[in-house]
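Two complexes come next, and they have one chain in common, chain A, joined by chain B in the first and chain C in the second.
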Partner chain A sequence: MLKLSLTSLLWTLLIVATAAMATLLLDASGEDTQLRPASFNKAMERDLAFQARAAFLQKIYAPVEAQLKAGNPQSALLKLDEVGRNYPGEAHGFILRGEILRGMGVLDQAIANYVRALKLDGDYLEEAGPLSRRTEIRQLVDQGLSELTPRARSNPDNRSLATTIRELHYLQSRLAGGCE
Partner chain B sequence: MNFRDRHLWIVILAGLSLGALGVLLSVWGNPQNSGICVSCFLENSAGALGLHDNPRMQYLRPELIGFVLGSMGCSALFREFRSRGGSAPLLRLFSGVFLMVGCAVFIGCPIKLFLRLTAGDLTAVAGVFGLVGGVWAGLKTMARGVQLTPAQAQKGSGLLIPGLFALLLVFLVTRPVFLLFSASGSATQHAPWLLALAAGLGLGALAQRSRLCVTGGVRDTLLLGHRSPLLYGLLAFVLSAVVFNLVTGRFNLALYGQPGAHLNHLWSFLGMALVGWLSVLIGGCPFRQLVKAGEGDADAGLVAVGMLIGAALVQSWGIAATAAGVPLYGKVAVLAGFIFVFGLSLVQREQVCG
Partner chain C sequence: MKRFFLVLLLPVVASVLFLAGCDQVKERPVLRIGYMNCNSEQETMQRFSPISRYLSEKVGVTFESVPVDTHEFEERFQAGEFALTHTNSLLYIVLKEDAGLKLLAADKRGHYGSRTAGTLIARKDSGIETLEDIRGKRLVFGPVMAPTGYLAQYDLMLQAGIDPERDLGYYAIPSGSFKHEKLIYGVYFGDFDVAAAPALDLELMTRDGKITADDFVILAQSQVIPYCTFGAAPDLDPEIFAKVKQALLELTPADTVEIDGERIKVLKSAWVDGFEELLDSDYDPIREMARRVNMPPYQTY
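Take a look at the complex of A and B:
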């Protein structure tokens, strides 16, 4: 008898606790946000950080971009070195260096810089967004494969060329997508 | 093989569905060659729950929820739901962690291994050899007396993991504020959630009925040859994945430039060998563990929890391989996994003999 009543009691308590939890969740529209610290909204924090980073990069690399627009790639590289002294290892610097070097026809160095940038930050591969360089990277891969692959085949002992081809395959793989 | 056997046709149907949906989910939005990947999905889900901080790998994958709940629904419907457990719980928990290590170093679970291969990714060949080698080694150790203690009936404990995944379904629908969703990266690539959930539910139910398992298929083929029904399930999976990849224009036979693949073939081999070996010892590949957890197996449930922990760790500790290759910690973790397997085998063999 005692066991039966205990079972009934436990079932009752289980149902009451479940109903109370459901009521709390259904009734909690908005009220909880006043009690929650702002840092709890990680998604918003992350979006803010991303926007701030994009704006900051645009600001610090503005002199480089200005030189590029003016058609002075050498000066742009010098400006890039200046910025790089304050922010070494910044992915955006590698992207810009890659762009400049590609424009100057130094394909292997351009590829190496894009690879360094993508290993640091995959956001440059997004289809859209303030940092997206997907189209440029795809064009670089197409150009690299068509120009460098025949050269690598005819010079199998050229190690630096082999390294560049490996880097091209890395870019190709990242463009293809996958889970990473 | 008796082709009038109804179970055989259920296995084949399950294999065909796995191959078809594995490709179609990718067409519908999941990452390339990753329409179904238990390890990638667990990494995404661990990220969504805030268990790791890789902002590109955070999405609560509905397919995983579908696998467990589909299996639970089907087993309940056919009166096969049995709450059981108690077999070497901590060993299974750690096995789950190391399953994820092996998968992360290869970049994909055994299902994705075949999805990559059937899409023409030749880097997956090393993984196939590794998986078969690992299953073979696992069988050899089992034949020499290494086995985990048998499970026992355990009232209620088999409901905990289905309950957890039901809660994750509530999270997916209600999107509470603590859940994280990537704004960039592969986790932003996903099929519409209702479609993904439906595919997961269907596959979970079919896998429960058929007992479909990739490593189980390899194991049974090594043991029974062409008499193994799972062999035909595996062949159906591969065949349908090839056909769907060809039809949808996703077949690209090449070694280089493949999505989510690297060229460290030795580590691909070792990663999948670890997964194959462990899967034999604990009775199923990562997918099968989720399905078994859905049908009340608390031991498989602990493996699932271990896999979730492992999925978080491979991202947090820089273990997961990328297209750039396998990081140092990934290599160390795979070797640690083998040390675990050898130690486990030694301890469990002593218990059996002792």
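Take a look at the complex of A and C:
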């Protein structure tokens, strides 16, 4: 009888302890629900800022894009100069300039401009996103490696070619996930 | 006794050191850099004196700046007047083919770095929309020896089956300085229908707010070709050649020299963003243009 009551007592203690733990856990999760709106707002603010920046960039650089689409790369560059008067040193300007110059076959300057852009803003490497230029950068790296590396190898003392190859490797490392 | 000898030796040692110093100053070579005039001799000297001073400091040679008119450059270079030259890319080819000029480095400026392009432009509201529309129209070129103000556009027209000598209403070349700006304004203000404008000048004028991208329609544009170039005489000491090249390639926007008591930024003064090491084969597109247009150094009569 005593044995049975001891077992019952142990069971009772176990149930009480479990209940207490559950209460504690519930309390803790109750605190979480109070914190959640703050962290949620932070994420939302970040996403909103990103979306707003992307929309703003697309708006101010729309004339450049329009000239590019119309097949006027030189006019697109001139439009970039105009936008650049209000927003000098903007990463998106370097991205667009790199894109235009690549289309015109001026690879060394295209590479230099993409490097400047990525040093200012790594968002262009995101796989998905309104600003993503990952595919274009990968294509530029492939083109650069096939066209410029043999030229640099044949002229090993040429410092300008060596600089371009270093920049190409920088883009390659950023694509691979390397940091600054 | 020892002190007596020391007193006697001191002036002797001082004199030897002084004379050796004088000899070194005397022996420091003086070399001349011929700079192709763009607008005026005064402007050329203002632009390039700092770069000559910088090179003198880096190379250990005294470089003197000499402004030179385009048409007399070849004769003076062949007479051995200049150890270094700074010219446009067409003149570089002329001096290389005719007098063995060696490539040092090319100026970098604008979107295309060490290169730029020639464009044919018309006012946007002129009704001229394609290259074919320029037949019978009034065209203004830049200076005859300008690679992207004359040569490239003349070639563009020939390639499109337009003979500038027969198919245009007439063409002209502005006189005096600032020819490239003048011809852009010439079209802007309606004195001409079409202008042969270097892409670099369009870029600079847009950046300065003098024109806008919407003012003009670009009817045609050449491929990008090298811009202004530093060259060296074939007999220049290889050690000096190497030092000059290194100094040019290492020049940064922060580098300054002192001229008449004033600290001046070398690159900013020269209107250059930096220098690039090109290959002579990079100039081949200009050679092909010069052959097609029948211009020096391939001109035949």
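Points to keep in mind about this one:
Here is the rule we go by: the second predicted complex is superposed on the first by the 137 of 180 C-alpha atoms of A that agree within 3 Å, B and C clash if a C-alpha of one lies under 4 Å from a C-alpha of the other, contacts with A are read in each partner's own complex, and residues count from 1 in each chain.
Rule of thumb we're sticking to: contacts are C-beta pairs under 8 Å (C-beta built on N, C-alpha and C of every residue); 3 or more make two chains touch, one makes a residue touch a chain.
Fair warning: this is a prediction, and the values are worked out from it, not measured in the lab.
Of the two partner chains placed around the shared chain by superposition, chain B is the only one that A:129 touches, whereas chain C remains out of contact.
After overlaying the two complexes on the shared chain, residue contacts for A:137 are found with neither chain B nor chain C.
In the superposition on chain A, contact is made by A:160 with chain C only, not with chain B.
Look at A:110: by the touch rule set out above, it reaches neither chain B nor chain C. When the shared chain is aligned, no partner comes close enough to touch A:148: not chain B, not chain C. Touch criterion met: A:119 reaches chain B, while chain C stays clear of it.
Residues 31-34, 37, 40, 43, 50, 55-57, 107-108, 174, 177-178, 180-181, 183-186, 189, 256-263, 320, 322-324 of chain B touch chain A in their complex.
In the complex of the two chains, the chain A residues touching chain C come out as 63, 67, 72, 74-75, 77-79, 81-82, 84-85, 97, 101, 104-106, 108-109, 112, 155, 158-161.
Of all the residues in chain A, the ones that touch chain B in their complex are 25, 33, 36, 40-43, 46-47, 50, 119, 122-123, 126, 129, 166, 169-170, 172-180. Interface residues of chain C, counted against chain A in their complex, comprise 111-113, 115, 117, 119, 199, 202-203, 206-207, 209, 212-213, 218, 221, 223-224, 249, 276-279.
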